[in-house]
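Okay, so subunit A shows up in both of these, paired with subunit B first and subunit C after.
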Partner chain A sequence: MATAAAAALRTATLVVRRPLITPTRTAFEEAYYEYHANLRAGHERTVIPDFWTKKGAAGNTAAIQMAVPAERTTEADTANDVKSLDRKLEENLFLVVKEGGKWSLVQGAVAEGEPLHEAARRSVLDKCGQNLDLWMVGRSPIALSHTTKDKEHIFVHKAHILAGQAAPTKGVSDFAWVTKNEMAKYLDKAAYDDVVELL
Partner chain B sequence: MSLLAVRPAALARLARTPFAAVTTNRSASSFGNKPAAGAAKKKGSSNAIGGDSRYPLLKEYLYASHAEVDGVAEVDADVHATIERAWSVAQRDLAAQRHADLAAKYRRLREAMVTLEQVDPDRFATAMDREGEDQYFPRLLKAPTETPAKTGWDYRRG
Partner chain C sequence: MLRTVLRQSIRRSSTAAAAATTPSDAAVPFPVPLPRDDVSLPESLFRADRATPIESRMRDHYDRTLAADLLYLSYNHKDPANPERLAHDKYVPGLNTKNTAFKKHETPRYRDTTMRKPEPARTHSNVPELTSIVVHTFLKDAVTNKYVLLNALTQLEAITGKHPEIVRSTSNVALWKLRDGMPVGVKVELQGDDMYQFLDKLVELVLPRLKTWYGIPATAGDGTGNIKVGFEPKSMSYFPEIEQTFDRYPFMCGFDVVFKTTAYNDREARTLLSGFQIPIENAASKAKREKYMQKSDEVDPNEPAWMKYKRAREALEAKKKKK
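Entry: the complex of A and B
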């Protein structure tokens, strides 16, 4: 059985920061939920507080201070800081790095005997620093890259960032956390078309 | 033909009504009472259970009819049907988009695994293995909330 020169294996990792807040409701959704709230109000018995609480038992409700929640739009949104992980809280943010003047997903080589998912994880930590709490989504790759030269297979793995921040090292000159819509501004056309359906 | 009632005005009216002013003219309030001609019910009367003045309120709460209420706004059945149909159409479009996204992702996943099986059977076997310490959901992977944490993203080494 002839063994041709084994194709080189490389990994690419799609690192995502998942949304931290619920999506904003559309005008139609708001109107629909309000409509149903009114329908329910028309069919429900009103709660009569005096029935459930003896006089004076509830205490001074006016003195209760409700907690003030944080804003859904952060300073990073107004400043449009693409390195911040507090930006665009209701969308996915994907990590793109600049290597050799070109923006791409984090790529790396696969060592001898090293499983693919471990190579993917290691290459992110090597290139973006150890201050990343990554979770690899299973062991299988999510895609085979269509933009490779001959005799090379680039397997794409997905990882979530749970805490920490990228700190570029080893040939990586810059990084950014971008949304799906912003990705086209960073990746070239071939790379973007390859990756867009994975986002 | 109106089938549905929206009564925002009734809400405010009933909530403000103290129990003593609850009408005793309805059929519900004569339930279980001896007919006392011309006698209005007294606050905290002997009819109350253990002297608890909420007894008349309880009867109103449980047995009163909601039929005769002022300020009822009515919603036409056709209007309601149109709203529900519009919602169903919107949800169907969203579901179709989600399905298309997932189908594309699955195609790419399958292509990758088929290629890996041909190219490197050992790594393929590792990728297919479903056991292992790394195969659990992490604690920090939380569901999204309406507003973010006040501490913001944990940058750890800041």
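Entry: the complex of A and C
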């Protein structure tokens, strides 16, 4: 039981939108895979059509229509819309919110007797709206934040966003979905150093 | 290299000297050995037994997303400085306590899992991982006609891209005319990128089209991290390689897919497979699905009379059909 003198429990949630497309291959990687594809093609067992189909039988010669892949960069990339979930499809996007003029992960207090992972989930939905389909990665926290005042323990939990979008409420003035490299621009140095290893 | 050349030249000169002194009718070895050098031919760069590197989105997904989450889900949070006293630390008469190898003959209770050495702790470099997939077919008809295995061989080769091997029986059962050494099945083991390619096909193309399969049961697994899923013959035709050349095969084979992982228990294995979008079904999800499909056996007390009579008539017809 948390008394007035004991430390207060808070949770922070690292909400992640996982990468949706494969990473961009470097020139070396492309050459490597092309080399092995040629090697494989050169050693492949060929199909002898006469072994499988009777002479004169109409073969299935319809050309296979290959799917055309979509563009790797979207409108959100060109417009650099940091609120969009369609930006930077090949990277992880993390949710940062602006509370009281300061950018941070979504934080919240833990009610008495409430499990930590439930408090983490509830605080995200309370602060960023109910239109979020979240999956918490297990029940255990992934980190204990060190940038706390004397009497505050902030446990960090990881969650994936599966669907929906943040709609800030209750003291949250702004939000953004940022990549690992962009995070330093939003969080102050102490907060960033605390969180960088989790990204 | 230089040393061997020198050694060889010394040997040659010594034999030449010996030949000069030996009689002229000294036997010349036949066939004449060709001169050899130290350079060995390079190995073939293509290895049929190894997995070919292919761009694999399942592997990328595992490396970038799953591995980190699996570490968080399988990590043991108990203080490593004060490990629990495990049963195997207890004194057992006849057991050499200094021997940490735990050989089978020295551990009379080896089968008791609490007596075994603990597995290595989960860290960033030791997370549950999919190591191989074994696709296997057993054909009962192969007992009487072994050439049906040709069909299974070609089908498995088509769907996996790797040439399968024949599985032979190891037991004798007179009732089924089965004898030891008889070829009765076909299997192929996939690893690396080939494995991820097959998994991708299975998850994207085959599993969604199965009408009566809703997921791996929540009780599945062999306890050491391996899970087997069986498929009926119809599932074989959902693979694109078979679908396009359906008429070439006399019949479709049912097959098993064994997912071999580095998970320590069933729960970790199922979590890993779930990460690859293979559904896991338990009682709760089955109830939810049946409620959605309205196939429950519960009778609605307020149902109209015509529904009641319809169900009664259907039950009667089913009973007659059974007879």
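Going forward, the second predicted complex is superposed on the first by the 169 of 199 C-alpha atoms of A that agree within 3 Å, B and C clash if a C-alpha of one lies under 4 Å from a C-alpha of the other, contacts with A are read in each partner's own complex, and residues count from 1 in each chain.
Here is the rule we use: a residue touches a chain if its C-beta (ideal position, glycine included) is under 8 Å from a C-beta of that chain, and two chains touch if they have at least 3 such contacts.
Predicted, not measured: the structure shown is a model, and the values here were computed from it.
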Touched partner set for A:Pro69, first subunit B, second subunit C, both or neither: first
Contacts of A:Ala190 with subunit B and subunit C, given as first, second, both or neither: neither
Partner chain(s) touched by A:Ala79 [first = subunit B, second = subunit C, both, neither]: neither
Per-residue touch tally on subunit A - higher for subunit B or for subunit C: B
Subunit B versus subunit C as contact partner of A:Gly42, first or second or both or neither: both
Touched partner set for A:Ala8, first subunit B, second subunit C, both or neither: neither
Partner chain in contact with A:Ala111 - subunit B first, subunit C second, else both or neither: neither
Touched partner set for A:Tyr33, first subunit B, second subunit C, both or neither: second
Touching partner for A:Gly138 - first (subunit B), second (subunit C), both, neither: both
First (subunit B), second (subunit C), both or neither touched by A:Arg25: second
Intersection of subunit A interface sets (partners subunit B, subunit C): 18-19, 22, 32, 39, 42-43, 45, 138, 140, 142
Subunit B partner contacts - residues on subunit A that touch it in the complex: 6-7, 9, 17-22, 28, 32, 35, 38-39, 41-43, 45-51, 69-72, 74, 84-86, 89-90, 115-117, 131, 133, 135-136, 138-144, 153, 155-156, 160, 162-165, 197-198
Residues of subunit A touching subunit C in the complex: 18-19, 22-23, 25, 32-33, 36-37, 39-40, 42-43, 45, 52-53, 60, 92, 137-138, 140, 142, 158
Sites on subunit C touched by subunit A in the complex: 45-46, 48, 52-55, 57, 60, 64-65, 69, 72-73, 75, 77, 163, 244-245, 248
Footprint of subunit A on subunit B - complex, ascending: 4-8, 10-11, 14-15, 17-19, 54, 57-58, 61, 66, 72, 75, 83, 86-87, 90, 101, 104-105, 108-109, 111-113, 115-116, 119-120, 123, 126-129, 132, 134-135, 138, 140-141, 144-150, 152-157
